[in-house]
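Two complexes are shown next, each including chain A; its partner changes from chain B in the first to chain C in the second.
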Partner chain A sequence: MSPLEYVWAGVMAVIAGPAAFEIFGVGIPITLLMVFGGFLLGVVGGATPGLAGPFLMAVSLPILLSIFGFTPDALLPVLGFLVGVMKGATVGGSVPAILFNTPGTPDAMMTTLDGYPMAQKGQAGKALRTAHFASVSGDTFSDLVLFTCAPFLAIIVEAYLGFGEKAALIILSMAFIAAVVGVSPMKGMIAAFLGLLVASIGTGEDFYSRLSLGTEVLASGVPLIAAVMGVLILGEVLVAFENMWRERRSQSQIKEVAQSGDNHLSWKERKALMPFIGISALVGTIIGALPGIGSTLAATLGYATGEKMHKGPVKFGQGTPEGIASTEAANSAVSGSNLIPVLSLGIPGNVGAVFIILAAESIGGFNPGPTVFRFTTSEVNPELVIAFGLFTAMMLANIFNWVIGGRIMAACGIMSKIPNQVLLPMVLLLTLTAIYAQETSFVAIYFALAFAVLGYLLRKLRIPTLPFVIAFILAGNLEHAFRQAFAVSGGDPWFLFKSPMSLFFLALSVAVVIFFSRPKKPAANKAVEAERDA
Partner chain B sequence: MKFATFKSAAAALTMMTAATGAQAQNWEPQGPVKMMIAFAAGGGADTLGRLLAEEIGTRYGWEIIPENAAGKGGLTMAVALKGEPADGHSIGVTVSEATTYAIQTMPNPPYQLDDFTYLSTLAGTQMGIIAKPSRGWETLADVIEAAKAGEQITVGAMSQRLADATYVLGKNNGVEFTTVMTGGGKASLNAVVADDVDIAWSAGAQTAAVKAGEITNLASAEVEPLLMQPDAPQVQDFNLPYDFGVKFIVVAPAGIPEEARETWQHHIAEILNDPESKLAQFTNRAFAGPVVVQGAELEALMQESYDAATGLLDASAE
Partner chain C sequence: MHSRRVEIWLAIFFAVFAALTAFVWAPLDSETAAIYEFRRQVNIGDAMLPMVAGSGILLFSVVHLMLQLRRLQDEDVDPPFDRLTLFFYASFGGLLALSLIVMFWAGPLALALFGPSGDDSVTYRQMRSTFPWKYIGFVLGGFTLVFGLTSLIEGRIRWVRVISSILAVLGLILIFDVPFDTILLPPNGDF
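Moving on, here comes the complex of A and B:
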């Protein structure tokens, strides 16, 4: 098959795939329906402070798996749903930020700066329309970059990198994640090494169970989903419980302002926003492609760049649409391009991507990494078809977003009125159910609770959790690459330092850590703090 | 015997088998069944397991949840499966050498051959030693020649047995190869395609690439010529007198109820023997068709494989 035929096969896998039901004899493809469902859930969840895209993805994954099973047919509907959630949550997060000054997702933090003042002026509708327009534009742009870059990057990696270089590349990505997430690279590294340590329990090539202390429980290793969800979600829930307990006396009522101002967003105004959206989308896309840097930093940088460009009468921070556009375009542009490292290298760059990898690994038949993009002409490469099917699902989500995203957003204001004491127990219960559904063993729940405590402690010590999770997931690949590189070198102890390419990656890893260890500007610190406290 | 008599006798026999079959189907799993696959997602064992799970699900309504317990050439899965309750609700999909080879290399093996109930074979491999045609090697003889000329040859192997076999192959031909463990499934094929290793053992994943001319078999490591490339020489011609063919098998912890065992065997055999089933079609596409060996015959096969492993180990220890 030629590359174009692969693209077409991917599109057809979604559109002409299994139908969920028929309307007037026309089958509605299940993948389309799942993307739509995921998108709806994403917007609503994103608009609910306390929920966020990653949580929704984490909880839906085991449920989706039990519905769709583990056949290759399940890949596109499940991945489509997750992608829908990811995209929906990005636009949904701006709703409570604009209406109530409470960001629904951490990356909507900067949206409050201009969104809430606009709402106070009675222009909430205009602010929401601006956020939607900027967000969808940024997202679409970023997706287009993903579709063009990921295959090429993957082919280059596969063609030029041997075992040693791949090991060095994984080290580089982990160093990068450890260095840029959180307040200090050293804390990031502590988290990453902790992840590696936990991942080495019960794994490896040796015939005895490593680090299992002779126990049966540890002999087969730490269950992946329990560890990831324990640290990421349950740890967060514990922190939120603590905060609720602390702040139980300071319950303030959320006030709504009557909306009377100009709430329309004309084409002329949209055109005027385009430069801001364009620059921010570019910033967001570049940042998104680097593993470990979240959308919050993208939003901050987008906002800062927009502020420098802006010359209008209303300043940034006092309620100007340009401020919202700069922020939203940047944080939404992250969501497409952060799949570049996932699909081309198999390296997840953020929490959302972690769940995409988990989904692919649980279902099987699709292993994100360089081998996906092998354009075999003689025989169909099913993974490549899935990859293009995934791209199609992303584009469908964008179309839903363009057409109806704005209307759903407008209806979601009510979500932020759900009190935490109602929401958090539901989150806790859903997460534990999801873990049990996936692992079907009570031991997994104990593991999850243990990792919840770990996640809580990490947050209390201001150690970022993302490097822990990503190191935990990549540890197996890293060890495998190490062993292979060592074996191929014929047992040379300097196997990692033998090629210029791996030397370059390793030098860059050290440089990244040193670079980010230098004192930071206050603005950057603020963004980093927001990301860490997320 | 007249044909009519034969026919009625055959019919009676079929009915009897059908009756025992129906009896065997009395057993039903209570809740979901855990299927542990001993190799990484996307490879031959993985696809066999998942297709079996799917077919049993659609035909008998059982809920089977496949999971990959990959690593150490099947050892990880075997250890995990041994710890599962022997009630027919936990099965494993692995290869015959996982319970016959590695345990003989260990001072304190975590399990023994008889720690498992061997339910059924699914398919046999098409094991070959592969390389890219662009390297200019036509058979294993050319590779040995290159190694003798001083070239360092790296060989991808997916199990301890094949790594040991690589060593014996080198030793018996007066050269030394560098072995790299590549992991199961498509991993060794991918390593050759990406030029990460020079040659590799591949158990059948290479079929499509061989037909497309992207990969060639330097030798067949089965006792018979490879279906995809019958003209490739045999490894036995290179002083390596062993059969490296491997059977993909379904196992359960030892001591599962007889009813459960019979039902499993019946269901697996029925699916493999139905040429329309996805599983049977896959075995035709990727391997040499379905292989149904069960019961005492399979146990004898496992013992034979165990004894052959002892022979190879002795040779590599010398």
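Moving on, here comes the complex of A and C:
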């Protein structure tokens, strides 16, 4: 098959795939329906403070696996749903930021700076339209970069890197994530190695399951989804419980402002926003392609860049659409490009990408990484068809976003009024139920709770959780690469330092850790500092 | 970053834990050593990954310890845990344990008390997919968890929260159970 035929096969896998139902004799493809469902859930969830895209993806995954099972046919509907959630949550996060000065997702923090003042001036509708327009433009741009860059990067990696170099590349990625996330690279590295250690429990190639202490519970290994959801979701929920219990402050009454100002966003105004959106989308795309760097930093950089460009009468921070556009284009542009390391290298760079990898690993038949992009001509590479199907699903989500995203956003304001002390206990029960639905055993709930405690302790001790989770997921690949490279070298103990490329990757890993260990200056933006120090 | 004292103790804890893992737990609790020879071929054994992981933690916790020993000023003097933390998590842990016990046993208990008896008696396993038995544990345990936690956080009991908690549990039944025959609500898969 030629490359263009692969692209077309991916599009057809979505459009002409299994139908969910028929309307007037026309089948509605199940993947299309799932993308729409995910997008809808994402916008509503993103508009609800306390919920965020990764949480919704985490809870949805076990349900989706139960519905679709573990066959290759399940890949596109499940991945399509998760992609829809990811994109929907990105635009939904701006709703409470604009209407109630409460960011629905952390990266919408900067949106409050201009969005809320606009709402106070009676221009909430205009602010929401601006946020939607900028967000969807940034997201679409970022997706186009993903579609063009990921295959080339993957082909280069596959052509030039052997097992040793791949092992060194995984080490570099883990070092980079550990170094840039959190306040101390040393604690990030401790978290990453802790992830490797936990991943080695109950696994290995021998008959006896290593580190199982002779117990049956540990011999079958740590349930992947329960562990990841425990650390990432339940750990965060526990911290939130404690904080709310400590504060126990009454929910302040939300002051309603009559929306009588100019709420229309004309084409002329949209055109005037384009330079801000363009620059911010570029900033967000570059930031998103680097593993471990959050969308909050992208939003802050986009906002700062926009502020320098802005010459209008209303300054940034006083309620100007350019401020919202700069922020939203940047944080939305992260969502597409952060799949570049996932699809081209098999390395998840953020929490959302972790769940894409988890879905692919759980279902099987699609292993994100450089081998996906093998354009074989003699026989069909089904993984490549799935990859282009995923790109098609992303574009469908963008189309939904362009066409109806704005209307759904406007209807989601009510979600911001649900108090967290009511929502989060429900989130706990929902998460436990979702884990049980997947594993059908209370043991999985105990594992999830144990990992929730671990996630809680890591957060309280200010040890970043992302390096832990990413190392936990990559441990299998790393060990496989180690074993293969060692075998190929004929048992040479210096197998990792043989090639100049792997030496370069390892040297860069050390350099990254040392560079980010320098004393940090206080961040200008508190949200970025909070994300950095989390 | 926490206070210098907390960070030093943290580094010492990880260093000791890592040393024990890398040099005691991993080699003793794995079938093959880090490197082993089989049929004249040298291979990486199962002990390698945990030993590398332990050594990595050891290395970086020692470096962290050095950096903290050199540190002069405390950036943040708030301790990560205090008596309030202990009190909250004791209450939370008790509530969670109660909820899970109720969730696990309420269904079988209700069946034993109110189910058919004598020659018609059945086990919970036989009834785990039938109304109302399949919902009893989840509804009671789930309600205890959601309502109890909300009340614990708010510090008071409100009728409106009773309603919202019931609605939450019913909502989850609608999401997980009603549309799917293959999904079992907790604790029905364990019977």
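We adopt the following convention: the second predicted complex is superposed on the first by the 519 of 534 C-alpha atoms of A that agree within 3 Å, B and C clash if a C-alpha of one lies under 4 Å from a C-alpha of the other, contacts with A are read in each partner's own complex, and residues count from 1 in each chain.
The rule is short, and it goes like this: contacts are C-beta pairs under 8 Å (C-beta built on N, C-alpha and C of every residue); 3 or more make two chains touch, one makes a residue touch a chain.
Please read all numbers here as calculations on a predicted model, not as lab measurements.
Looking at the shared chain after the overlay, A:318 reaches neither chain B nor chain C.
By the touch criterion defined above, A:440 reaches both chain B and chain C.
Looking at the superposition, the partner that touches the larger set of chain A residues, chain B or chain C, turns out to be C.
In the overlay built on the shared chain, the residue A:219 is in contact with chain B alone; chain C does not reach it.
Of the two partner chains, chain B is the only one that A:364 touches; chain C does not reach it. Of the two partner chains placed by superposition, chain B and chain C are both touched by A:487.
After overlaying the two complexes on the shared chain, residue contacts for A:148 are found with neither chain B nor chain C. Within the superposed three-chain model, A:266 lies out of touch with both chain B and chain C [touch as defined at top]. Touched by chain B in one complex and by chain C in the other are residues 204-208, 440, 483, 487, 490 of chain A.
Within the complex formed with chain A, the residues of chain B that make contact are 32, 34, 40-42, 46-47, 50, 53-54, 57, 65-69, 71-72, 75-76, 79-80, 83, 102, 105-106, 109-110, 152, 154, 178-183, 186, 190, 193-197, 208-209, 211-214. Chain A contributes residues 63, 66-67, 183-184, 186-187, 189-190, 192-194, 196-197, 199-200, 204-208, 210-213, 238, 241-242, 244-246, 248, 421-422, 424-426, 428-430, 432-434, 436-437, 439-442, 445, 449, 460-462, 475, 478-479, 482-483, 486-487, 490-491, 493, 517, 533 to its touches with chain C in the complex. Across the complex, chain A meets chain B through its residues 69-72, 158-159, 162-163, 203-209, 216, 219-220, 361-362, 364-367, 370-371, 374, 376-379, 383, 440, 480, 483-484, 487-488, 490.
Taken together, the chain C residues at the contact with chain A in this complex read 1-2, 6, 10, 14, 18, 21, 25-26, 29-32, 35, 41-50, 52-54, 56-57, 60-61, 63-64, 67, 80-81, 84-85, 88-89, 92, 96, 100, 104, 138, 142, 145-147, 149-150, 152-155, 161, 164-165, 168-169, 172, 175-176, 180, 182-187, 189-190.
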